[in-house]
Each structure stands twice: as structure tokens, then as C-alpha cells.
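Here it is, the structure, as C-alpha cells.
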Amino acid sequence: MSSIDAGASVRPEARNPVPDTPAVDNASSDDPSSKDSASAANPGAAGATGSSVFEVSDVSVYYSDFRAVTNVDLTINDNEITAFIGPSGCGKSTMLRTFNRMNDLIEGARMTGTLEYHGVDLYHEDVDPVAVRRRIGMVFQKPNPFPKSIYDNIAFGPRIAGTNENMDDIVERSLRGAGLWEEVKDRLKTSALGLSGGQQQRLCIARATAVNPDVLLMDEPCSALDPIATGRIEELMLEMKQDYTIVIVTHNMQQAARVSDRTAFFTAELDPNTDQRTGLLVEYDQTTTIFSQPADERTENYITGRFG
Amino acid sequence: MVAITTELRDQLRLRRSADTSGQIFRGLLMLALLVAFASLLAMILTALTRSWPILSDRPLDFLFSNTSQNPDEAGVFQGIKGSVMLAAISSLVAFPVGIGGAIYLEEYAGDSRFSRLVQVLVRNLAGVPSIVYGLLGLAIFVQNLGGITGGRSVISGGLTLACLVLPVVIITTQEAIRAVPSELRQAGYGIGATQWEVIRSVVLPSAAPGILTGTVLSVARAVGEAAPILVVGAVSGFFQTGTLSFLEQTQSFFTALPMQIFAFTKQPAQTWGAHAAGASVAILLVVVALNSVAIWMRARLDQKLRK
Amino acid sequence: MSPELEVELKRSAPAPGAMAIPSLSRRGWNAALEIALYCFITMLVAIVEFYAGGFPGPSNWLIGLVIYALWSLNAFRRSTTPSAAFVQLAVVDESNVAASFGRMVLRTVARGTVLYALPILVFANNQIVWIAMFAAAAASVAFMERGRAPWDLIAGTTMVESYGSEATESTGPLRLSDLRVDGLRQRQNQRAARMLQFAGWGAIIVSLLIVWVVASEAFTFITDDDFSWSLLNVEGDRRGWFPRRNFYDIPTLLVGTLWVTGIAMVIAGPVGLGAAIYLSEYAKPKVRRIVKPVIETLASVPSVVIGMFAIFFISPSVLTLFFDDIGSFSVLAAGIGVGILTIPLVASISEDALRAVPMELRQAAYGLGSRKITVALRVVFPAALSGISAAFIVGISRAIGETMVVAIAAGGSGGTLFELNPTEDGQTITAAMASLGAGTDQVAGSGIAFQSLYFLGAMLFLITLILNVFSDAIVRRFREAY
């Protein structure tokens, strides 16, 4: 067996909406202080206990000749919410998109370094980005339901990927999982564009979970929503944490503090060699640590609002 | 104080009379619209009154009779049949190639110098006079491929019209595809769809109103065109169809409704004017109907997508 | 054996055929799409057979049939057919489970009987019966519950939107192979890309052909032995365009073209622009909803109808009021007809340009206390000027290229003398081409007359190309402005 085939086990519960047994790290994640924080000072290696979903080592992403992010090392843990924060243009979205190879769709985008998903090199030439995105779903900044019925929106993913389940069940389960079932169960066949912004975003989350992904990537999922809708999505994320590993990009510091277990702080700095602003990972740690006693001065400046 | 108030009130009073230049300007604009409306109306009335001898006397006989030397017997059935066949052949060729080509250019070709060149070419071909397409048809379909097409035949005419509407189909399809928000595409890819699945299930359904409208309009255009098929060799006089099978007919002489109108206008107006006007009524009905379908379809599908 | 491998082996793929396909999207569209596909295939076969003079020998039929059968059998295992798979359709049975192999065979036999065997064997291969069979099948779909075709009733099946394949849920450690998309979907993806590329190249080739054909024939005209540039400019009283007598006086046609285009733009310019300003600045939405379709209708009127209008109304009823001695055919009447034809084009492009002017600009002007006319003429019009000039250029290009109105209304079929007076007969470049082309057989026989057709075509092509490129450049500039 080649080395790329070996890897950590994907626990079946990770894909199951109602796990028989709660995940072990989950029980303790409410109390972050109980976690190993010995390596807190070392960005990227923050408490890599338990099973990791992503191992990012020395990743740099380029758009043609422009280096958007450089030399990122980090580990994303199973069934945790990891938040990416940082000033605009520091490459949070870019980094997030490397996790499900959405960058492949951008002409001229490429990356160096290695990114392992459950021990499998995501950028191996035999890996198909389409299969990757089935397992690693994405929710975007602006709610983007298809101009189809609510039902068809949810059914889209399972239909193309194939399923052994009854579609009605999938739709109901996904909508329940996104806390939307009660609101829309009587109008499944009406257009999704008739929903409110917050409902649309929850529909997009339901749509992403309908194919039983393992990971959910969320790029500023609440930035187009009002505070009440934002609150609902945050609750939802905390519920979904049992079943999915979530990576969220946010500009809302309170949001990161409220929902995430770990936080990665990125910033952009002028590279003296190329005269370009390149993003880099400054600090990665337990969220409580980042917000109470950050190790890096730049992090502290940013979270206290003293950043440029 | 009081003086200021009255003065102010005076100034604020709506004075239509003071804005004479505005009124005149508005009147001129209305006049422009009126000219457009009046010419459409006059055209319809001319067609109806001039064709009245036929419309009142033998409307169905006129529609279902073949060409004839005798004005009392001549009809436009062969023209209608030719126009239907031309529209069918040109749609069969131009829609798959045009829509497929547009998808290719938009979704696959990327932004190379070559694809930009093709863009410019296609856009400019849409503005090339229709008679130039007749030359293309004459050289390629009638002369070079005459062995297959049978020379001056329906199939040559249909293929020529297909070339004519191809740029129109491509451009309208491209515009419709471009109007699909990239967020929808991203959503599709984000769930794990292949490029083809995104195109088939996300892009094409969203672009359908625009594509359909464009295709219907291009059929209307093909039905109304006379210049290219004139050059390709539509028959302007009397001819007999005989008993040929459907596919054999595609290789034989043909005429079309607009071609017959042209032929009728070349005859003495006293005897043949009513025929020209009558055929004009027929073609107006077809083209206006197609146009209304396109407008209605666009409105309806737009509405459905917004709902 | 490592424990990992053991997990690997336990991973079970659902047996094909046992896969449940969900109940949604059981629409008539799917059945209709299938019928349309087979109609297309049948037509294609018939056309190939006809134009290739029949399939040579029965063995070729047989080979084709065997290939198709093997292909079908392979598809049946995935509860679909080769062509249905192409548009991602699959078949389920009554209990909403992917149809079994046997059921697929039954269904295909039933379909073959209805669509092919009956028309050929019973009705002796009559084309009308073929068409009737397809039409009846399509019609029945609309009335049948759940949108099924006749053969679906026989086999107890329904056509539904399909999946790429069954899901591969693995329970063991993630392996590289899990991150591959299944072969079927990948093949579909690649096949679609190839087909689309094919279409794309078709479009490109047609575009190149037009340029090449016109240019090469025009080149033949210029380089022909019979041709000399002086031919194009015969001096004296015989000056004119009579290709059948080898008089090729281009200025004759240019004068005609200039008159027609000029007259057309005198009408279409102000009327089109006026209508556009009214629609974009003055008309209430309700008025717009009525006026727009009327203008679009005017745009769709075929040019032969306008030609008829010109000789039956413009000439006898309008022009005779102003000119005593005008005949029933004149360049003037043709110019007015072309003008009417060009109005909607100028109106719609100008309106687009006017509406592209940002609302804030108007609001700013109103905020300063301007009147509507001031806003329209001093603010919106200058801002949209480049777009409006593009509209005029496109209008000119359209007027130059218009053929049938002139061919009908300007007289001068066969040839025309050099004539500066627009109330006389005349010809434009396009009308000259039409009268040359109308009798192609004779033209081909007489010297370089045939090539002169292409020379005129090339000239026309160049003129309109330059105008279009010019207007394109202007439009692009005005797009950048906002």
C-alpha cells in the first residue's frame, strides 16, 4: 500500500446526522482549557490531539505570479469549528478554497506545499476535485440558492452524486439539520428565491449537507444577514459541530469567539523581495487563548481593534 | 415677511405654460413615436386593403394553391411549405451548433487571444448583410456540394439560412449564459458537480429564457429573409412539385413565402398586386406570431425564475 | 492481512439494480426528451441513408445494430439506455427502484416495436406513419399519469432524472481511490466537452468560410483576364451598371447606395432617437410595456413586406403628393422604406445607451432644479452620446446592407444608368447583387459577371465590417465610462 493510501480513520459518525455515540473530543471541547495547549506558542501546531482532518504544511497559494498566501502550516481537527480571522485581503478565502480545491476553478491559481486530508494528499494528481468537493462542502458569503424549488435545491447534490436513500428523506433530514424544516415543509415545491436571506443561507447549508459531507467550509456565511439570522446560523453551527468539521472565515470577532474552538489569525505583510502584500498565518490556537492572551503582538493589535 | 412668502409661493407654483420648450420637445418625441406607429399601421392597412380582392374571395384557396400562371388560381402553398422546410432545416443545424458553440466559447474556451478573435469575428458576422450569406451558400452549398444538396434546393437554402442565423444564436446564447451569476456556478461546483453537470443543471436552466427567446427570434428572421435564398436560387416563377418523397423534396426546386412576395411585386401590379399583399399578410401573421411567442416566453420564464 | 485491509474488503458497494431512485422529477419532460432524442436519431439515420445513397450492404446495418445492442446491454445494467444516459436519464420501476435488466430489455423491445417495427413492418415504411408514431408517442406523454410513454406502460417503468452512479460510502480509512469521481460521470463530462468543442469549431469554421469564400471569389474577379479597372468606370453616355453587357460602373451603384442610406438615416435617425428618448426619459412603465413590443414588432417585419409597402403606399399615396412626375419605382421610395426598417434598430440601441446612464446623474441634475428637457438634453444625451453614435453607425450599416426593399421599390432590375436624381430608378450594391444572383445560371455563363457578384459582396462585407468594428469600439469605450 502506498503511503498516500494510508491514513487516519474516517469515523462513520462523521457522516451520520445522528451519531450513535458522541465523538470523544466533542465532550471536552466545551471546556477548551482541558485541552492540550502545550504547543500554543507554535502557530500551526495548536494542540493537534485526536484525529486531524487537514494537515496543512508549508502551503503557499499563487494567482499567476502573485503570491496571495505564503508558508501556512496548520492542523484542523475533527468535529471542531475553526475560525479564520484577519484583515481584508490577507488570504483567508484563498486558504479556505484550497481545502476543497475551489481554487482550481480560477485560471492561473496554483499552490505549493502539501495539504493532507485524512492522510491523503488532496493535490495528488489522481485526486479528482469533483470528488473532493462532494466530501468537503462549501457555504458562500452571499446566499446562492439555485433558481429552482426548495426541494430541487437540496436534491441537486444527492442526484448528481448518487444515493441509496429515498430523496424525500434526504430532503427532510437536511432541512431539519439546518433548522429550516418547520418553516418550509409546506412549500417545498416553491422557488427557493422566495425565502428570506437568512432562510436562503440555511437552505444553502442544508444543500451542502445533503450529500453527507465530512467538512463544511464557510466563507463569511453571515456577512449578508441581519443579527437575528446570524444568531440562528451560529446556533446551527454549534449543533452541526457534532457531525461535521467546520472551517469558517469571519470578519466578526465576536462570532469567532462565540462559535469557534480554534482560531487562526492571518495578516498580510509587504514582502520586501517582491514588493507585494502577501498573506501569512500569524497565530493559531485555542480560541480562548487567542482572544485572552495572544502570543503575537499583531494578533493582539487586531483583536483589540488597534490594527491599521 | 408676508411679501417673501407670497413671492416664494409664486415661485413654487407649477407653471406649465412657462416650460414651452419642454412641451414642444415632448411633442416632438411623441411625434417620432407616432411616425413609427403610423408606418406600422399604414403597412398593415396597405397589406389588408390591397389583398382584399383575394382575402374576401378565396382566402383558403390562396393559401393552399400552388403557383400558377393564372392569377385567379395562383396561391402560396409552395411558398409556405418552402418556408417551413427552410425554417426547420436552419433550426436543426443552427440551434445545436450555435447553442453548443456558445457554451463552448463561454465555458470552455477560456480567454485566449484565439477565443477573443473568434468573439470579434462572430460579433461582426452578425452585422454582415444577409445577401452576403447568399454568396456563401451559392459558392459552397450550390456549387461545391451540389452533388449532395442537389444544387439550387431547399437544403442549400436551409443551410445558408443556418449560417445566417448562427451568429445571432451564438450571441444571444452567450449573453444569456453570461447573465447567469457566477455564484450559482460556484454553488454547483461546491457540492461536487462536474463541469458538465454544472452546465446542464445550473447554467442552462437559468439561461433558458434568453436562449429560447434568441432562438425563436432567429427563426422569425430566417422565415422573413428573402435575399440569401434569392441568390441561392429559390424559384421566383411557376414550378411544379410533383410527387417526391419528403427527403427527395429537400433536394429539389423550392420557393419561400418572402421569395414569392418578391416575385409577385415584379409582375404587373393590377393583376398581381393583391397576391403580393396577400402573401405579405400571411408572412406578417407568422412573423408577428413568432415574435409574440418570444416576448411572451421571455416575460413568463423571467417571472418564473424570479418567483 | 492488516486490519485496515480487512475494513477495506468489508466495504460493500450496493448491488446495481437495488438502488432506489427518488420519487421527484417524474416529469413528462424526461419522457418527451427521450422521444425527441429518438426522433433525432431516426432522422439522422434517414438523412445519412438518403444522402449517402443508402447504407451500402446489409452487413453494415448489422454491424451498426450489433454495436448498438452491446452498448445498450451495458447501459441496461445501469438502468438506462445509451442515449438516455447521455442526457442523464434513467428508468425506475413501479416501486421506484432502478429498473432491472430484464425490465430494461422489455422496455426497449416495446419502444422499438412502437417507434420502429410497427411503422416498418405493418405500415410499409410510410413517412407519414413514422411522423404519426412519434407524434402520438409524444402526445400520449402529456396525458399519461406521471408523464409516461406508451412503452413505459407496457414495461411498468418511468423515466426519471438519473444520477451519475450509486454512492460509494466507505467506512474504512480514506484512500486515494475514494477521491476519484466515478468513471461514468467523468466520461459524461468529457463527452459533453468534446461535443461542445465540436459545435464550437463548427461555428468557427462557418465564420472563417464566409470570409474566405467572399474574398477568394472577389480576388478571382479582380485578377481575371477580362477584368480591367477601367471596366469599372466606363465613360461617356453609356455609363452604368449592366453586368450582362459587361458594364461595371461602380460609382453608379455607390450613388444609389448613398442616396438610399442617406434618406433612410434622415428618417430613422430622428424618429429612432426621438422614440428612444421618449421611452427612456418620459414614458411611464405602463406605456413602455405597450410601446416596446410594438417597436419590436416593427423590427421583425420582413423587408419584402416593407418593399411591398413602398410600392403600394409610399410611392403612389405619399410621394406623388410632393413630386408630380415620380414613377412607381424610385430610389426615394426605397430609401424611405429602408428608413422605416431601420427605425427600431436605432431606437433600441439608443435606448440601451440612454438607460445605461446612471440614475444618480439624473437625480443630481434634478436636485439642482433642472427641468426634464434640460436633464434629457444637457445631462443624459451627452452622457449617452457615444452609444447613440454607435446606434447610428449600426443603422447606417444595416441600411447599406438592406436588399429586398431596394430590389422591389427602386426598380432598375437588370441594370441601371448612372443617375443622380433620387426620384428616378436606381440600384444599390445589394440590389445589383440580388438581380445578378436571381438568375445564377445565366450569370455563371457570361464572363466575369458571376465574379462581379462576389466583388460587390466583398465590397459590402468590407464596408459593413469597418462600420461594425467602429461602432463596437465606440460602444466599448462608453461601457468603460460607467
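Labels A, B and C are assigned to the chains in the order they are written; within every chain, residues are numbered from 1.
The definition used in the following text is that contacts are C-beta pairs under 8 Å (C-beta built on N, C-alpha and C of every residue); 3 or more make two chains touch, one makes a residue touch a chain.
Small disclaimer: the values here were computed from a predicted structure and weren't measured.
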| item | value |
| --- | --- |
| Most centrally placed chain - per-chain CA mean versus overall CA mean | C |
| Farthest chain relative to subunit A (centres taken as mean CA coordinates) | B |
| B-C or A-C, whichever has more C-beta pairs in contact | B-C |
| Subunit A and subunit B, separation of their C-alpha mean positions in angstrom | 50 |
| Distance between chain centroids, defined by C-alpha means - subunit B, subunit C (Å) | 8 |
| Distance between the centres, which are taken as Cα means, of subunit C and subunit A, whole angstrom | 45 |
| Touching two or more other chains - residues of subunit B | 194, 197 |
| Residues of subunit C touching at least two other chains | 164, 181, 185-186 |
| Contacts with two or more other chains, residues of subunit A listed in rising order | 130-132, 135, 160-161 |
| Subunit C to subunit A touching residues, read off their complex | 2, 4-5, 14, 19-20, 22-25, 161-167, 169-182, 185-186 |
| Subunit B contact footprint on subunit C (complex, rising order) | 46-47, 50-51, 88, 127, 164, 181, 185-186, 188-189, 192-193, 195-204, 206-211, 213-214, 217, 267, 270-275, 277-278, 282, 291, 293-298, 300-309, 311-313, 328, 340, 343-344, 347, 371-373, 376-377, 394, 397-398, 400-404, 407-408, 413, 430, 433-434, 437-438, 440, 453-454, 457, 460-461, 464-465, 467-469, 472 |
| In the complex with subunit A, residue positions of subunit B that touch it | 110-111, 181, 183-184, 186-194, 197, 201-202, 205-206, 304-307 |
| Subunit B partner contacts - residues on subunit A that touch it in the complex | 100, 102, 105, 107, 130-135, 137-140, 142, 144-148, 156-157, 160-161, 190-191, 193-194, 204, 207-208, 211 |
| Touching residues on subunit A, where the partner in the complex is subunit C | 1-2, 4-10, 12, 15, 117-122, 124, 126-128, 130-132, 135, 151-152, 155, 158-168, 170, 212 |
